[in-house]
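You will see chain A twice below: alongside chain B first, and alongside chain C after that.
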Partner chain A sequence: MIAASLLFLFPVIWMLANSFKGDAAITADMNSLRAFIPPALGGSFLNNYVSVITSTGFVRYMLNTLLYAFTLIILGVIVNGLAGYALAKINFPFRERWLLIIMLLMIVPMETIITIHFLIIAKAGLLNTVIGYVLPMIVNPFNIFLFRQVFLGLPDDIYEAAQLDHCGPVKYFFTMVLPMSKSVVATVSVFTFLGVWNDYLWPSLVFTSSNLLTAQIGLNAITSNENTTMGQTLAAITMITIPVILIYSFFSKQIVEGVISTGSKEG
Partner chain B sequence: MSFIEFKNICKKYAGTNKNAVTDFTLNIEEKEFVAFVGPSGCGKSTTLRMIAGFEEITDGELFIDGKRVNEIAPKDRGISMVFQNYALYPHMTVEKNISYGLKNMKVPEKEIKEKVDWVIKILGLEEYRERKPKNLSGGQRQRVALGRAIVKNQKVFLMDEPLSNLDAKLRVSMRNEISKLHRNLGSTTIYVTHDQIEAMTMADRIVIMKDGLIQQVGKPMELYDHPVNKFVAGFIGSPQMNFYEVKIQNGKIIFADGNEMSLPESRREKLSKYDKLILGIRGEDIKFDSVNLDLYKKDKQKAIIDNTEIMGNENNLYFAFGGGETIARVSKYEMSRVGDPVDFVFVPGKIHFFDPETENIIEE
Partner chain C sequence: MAFFGPALVLLTIFLFLPMILTLVFSFTDFFALDPSLTHFVGLENYFRIFRDEDFSKAFFNTVRFVIIIVPLQGLGALGLALLINKMTHCKKYFKVAFFIPVVMSLAVVSTLWMQIYSPEGILNAILGFFGMTAQPFIKSAKQALPSIAIMSAWQGVGYQMIIFLGGIQAINPALYEAAEMDHATPWQKFKDITLPELKPLCVFVLITITIGAFRMIVQPMVMTGGGPSHSTYTMVYDIYETGTVNWEIGLASTMAIVFAFFVMILTVIQTIVTRDKEGKHANKKTKKN
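Now for the complex of A and B:
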């Protein structure tokens, strides 16, 4: 297990170690074990990071992406959660058919409908706006399905007890259903975060203003700039990787619980 | 007008052609403790859920405190309910579970605190106040569920098999606690159970149901001593009443195994017109002592003990008689061993006779 972990970790360690080096040192260490050892602490230790932070808008792009991610997490949990709740607990005409349609939508890749999204957003005059970026990404059939699967297992008598405690359906959703389903909320939040954090295509279509760009576009701009050094590239990649690692470290238990509780193998 | 009035209540689920509850008519007085009892699927929980407003009433009318509530939302019916599986809010502490309803009802904070403190005290939950339900035992959870129901001081308490998940010992103590609570609070309580002992020990009146129909309504001992039909006679009492299919010939009761017994003198005329009857007798009305054997010596019967159950305070004796197995309940001093031959008599005044076709009691 440890050997397998090291196998997966070695590119990360390599990236981290070299992100503190200048290009000459990276090239010199390339064919030795020193490639996995960071340089000694010194005046130039953080040079790559300082230059990425000061000479590019990368931090701004990362903050933008965090903002989009948190907005989408909140809206996604509310919208997909409500849809999942309705599909799990509320009897309405053709409920099972709606579920089937939503499940079928899960197999449609984003890339196939992105042109339609773009045309709608452009027509609505929402290009280059946060709303234009966020709106088409709120509804996610897979997240609806995850929520539905978990909500199916919530006992009905708790809803009945809440009704007698003068708790209306909306309040019940926010004060009972979501807190009782923390695992799936965490799972959906993490998936949403990763989706936004790693997304390149949609923000590159919607945003042209540099103020609104996301981290992935920023990273691409940095790496494709011929003046960027290998060390700076690795520093930027390290910076963009840190939130993902942090999220996985904090929420790995909830993600596993969430996926298990849905009875789903996906994710 | 009674406090709760059921007028010909019916419940039919969509897609079924049979009523889950049929023509349920009953009056419940204020502060009364009424138990709905019956086997699984008899409609008792459905009826309770119609009172709560969780099930729509298909037909008939329901009045609570003089107000028709058929179309009124559960929260506006003035009821609180204890659920079979407690239905506690898992992410809230004991205190928050109990106070949640009051907060939603916009009761002032100070009053909420006073009420919650009072409930926590009377239910002995002081040391569990900050615990979440998963860290409580079954009995403690049940107390929290009770607390949540009583703190709101509603007009009617509904309890849906609240003790069915507890072990036998805890059930007895909770039975006692619920009875005391009812006496102290004076709330009108409707208690659903399949356990006739709970119904007998706690209720002022019992409603026995079968297949969605009320079989009999009465005080516990009325049902025990004067059941209206074989179902009620068999359902109430433990061990169950012994039943025998018997023939009536020349003023005698002929059992399936050929044993004979005289028809009770007072009922001879009425019963003689039947060819066949169902005879029922409770275990404690089968007597083995010399006084009774002497008193009813012409109808003395013999049997050999098949099995015994030592209960501590009393014993159950099993023996073959009348074409089936008979269970007699005797005091702890009347122990017999398996294989012992015994003489016994049925106390004539305690024998019940049922019409074999309708299974209704044949009145004296």
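Now for the complex of A and C:
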């Protein structure tokens, strides 16, 4: 089983090992087991990384993506969380109808409407702006539904007690509901982060200006440059993968729970 | 209602409006670079895309992709979940190992596998080591789509493995204990307990993989540009190019509607088929008893 998992991960191991080598060494090692072993520590060990960091805008693209991700996590938790709370706990006209609509929206593939998103953002003059990139991605029917399912289980007597203390519904939501639901907030945040960090199609449509590129689009710009070596490409894709592996190792519980919840919900 | 307001505004602008516009535009020849020329053309776009060589090619590529990836990824995930479930220690390590590609981005995985599949790449070096001839992989019209399918299955299999593991662990252990009292073989236990108990989950997994396959675009965009000779062109790729490169929003909207229709029809068909089987299965059981 250990052998099987190593065999399964051979592309990742190869990527990591060769990201520290020059192209001549990568080619020379290709026909032996050395292809999967990093070179000896030496002066040139980090060369690929240093050149990617110093001679391309890659660090900037990664910081951009980080900023977009945090913006979308905050806005997404607020907007989708409030909507989920309304659907779970507040009586408003056609609430059950809205819940059904949200559930139906979950099955609409985003690719169907991405052309129109592009058209709307272009017509609004928001191409190549952070706002144009962020705006269509805030609301997410799946997250609304997820929040709603969790908030449904919150006891009502806490809310009644809070009302006696003159705690309004907005204050109650931010000081009580969200802190009581840390687990779902964490799940939504982690999935939002992974979604933004790994997204390719939407940022490739919105951003053409090199200052605002996300890491994935920046990667494309770097690899399509003829002067980029194979070692540099491997170093760049390793750098782009490190944050998601870190997130995964810190939040694997949330990720696994999130994955299983999508399975058990419909299964 | 105030709580629902922000979401409602965004849902209206970025989901309801685009959906309605897509439907309306699909009956027009809306060309975004010169909107003044727009006419209502009825069903003409719908007839046109079915005659359109690129779109039918994209459709059949998508179907081929589904046929390759669904059994590969589905059986792979089930097999891995069963193996890991049997492990007594280091379960966590294996779960992590097989899940790593899932968190990597499609663009990264595609860039990485481009190097792996390259004519002088590591995969051909390995084939050479075993005395096999070098393969062109993504450089050939014949092998490009299967190559991308294998890569995509590799990337996604950990996700469904986790779902299956959750399902296996949720099976009532009393069922296995009872089977052991009856001296059931491991295969009987698998066939009569594990598989039936996992059935709804299997359906769910097959549907997710199929829908994921239908939505494929990033892999060919990064690796092949849809080629060689359109062999990796997909429906979403055609929507993307028609709409955002050629600005033919009317035609792209028609394709998007057809795409959404297929995705939904597929979901419905799979649900009906499994419901049928479950019915038959139940009948068989009662007959035996």
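Quick note on the criterion: the second predicted complex is superposed on the first by the 243 of 267 C-alpha atoms of A that agree within 3 Å, B and C clash if a C-alpha of one lies under 4 Å from a C-alpha of the other, contacts with A are read in each partner's own complex, and residues count from 1 in each chain.
Everything below uses one rule, namely that a residue touches a chain if its C-beta (ideal position, glycine included) is under 8 Å from a C-beta of that chain, and two chains touch if they have at least 3 such contacts.
Remember, predicted model here, so these are calculated numbers, not experimental data.
Visitor: Using the superposition on chain A, decide if chain B and chain C clash or fit.
Guide: On the superposed model, which is not a single observed complex, chain B and chain C fit side by side.
Visitor: Would you check which partner chain A:Phe174 touches, where first means chain B only, second means chain C only, and both and neither mean what they say?
Guide: neither
Visitor: When the two structures are overlaid on chain A, which partner does A:Pro109 contact: first (chain B), second (chain C), both, or neither?
Guide: Only chain C; A:Pro109 stays clear of chain B.
Visitor: Touching A:Val79 in the superposition: chain B (first), chain C (second), both, neither?
Guide: The second partner, chain C, only.
Visitor: Taking the superposition on A as described, I'd like to know which of chain B and chain C A:Pro155 touches: first, second, both or neither.
Guide: In the superposition, A:Pro155 touches chain B alone.
Visitor: Once the shared chain is lined up, is A:Asp165 touching chain B (first), chain C (second), both, or neither of them?
Guide: A:Asp165: touches chain B, not chain C.
Visitor: Tell me the angle subtended at the Cα centre of chain A by the Cα centres of chain B and chain C, rounded to the nearest 10 °.
Guide: Spelled out: centre of chain A as vertex, angle of 100 degrees.
Visitor: Per the contact definition in the header, classify A:Phe250: touching chain B only (first), chain C only (second), both, or neither.
Guide: A:Phe250 sits against neither chain B nor chain C.
Visitor: Give the label of whichever partner, chain B or chain C, reaches more residues of chain A.
Guide: Higher number of touched chain A residues: C.
Visitor: In the superposed model, how near does chain B get to chain C, counting Cα atoms only, in Å?
Guide: Comparing every C-alpha of chain B with every C-alpha of chain C, the smallest gap is 19 Å.
Visitor: Quick one: which bits of chain C touch chain A in the complex? Just the residue numbers, please.
Guide: 1, 3-4, 6-8, 10-11, 13-15, 17-19, 21-22, 25, 32, 83, 87, 93-101, 103-108, 111-113, 115-116, 120-122, 125, 128-129, 154, 159, 162-163, 166-167, 170, 200-201, 203-205, 211, 214-215, 217-218, 221-222, 236, 239-240, 243-244, 249, 252-253, 256-257, 259-260, 263-264, 267
Visitor: In their complex, what parts of chain A are in touch with chain C?
Guide: 1, 5, 8-9, 11-12, 14-15, 27, 30-31, 35, 78-80, 82-83, 85-87, 90, 92-93, 98, 105, 107-109, 111-120, 122, 135-136, 138-139, 141, 144, 169, 173, 194, 197-201, 205, 216, 219-220, 223, 230, 233-234, 237, 240-241, 244-245, 247-249, 252, 255-256, 259-260, 262-264, 266-267
Visitor: Sort out for me which residues of chain A touch chain B in the complex.
Guide: 155, 157-158, 160-167, 171, 176, 179-180, 182
Visitor: Can you tell me which positions in chain B touch chain A when the two form their complex?
Guide: Touch list, chain B to chain A: 52, 54, 73-75, 79-81, 83-85, 87-91, 100-101, 104-105, 148, 152.
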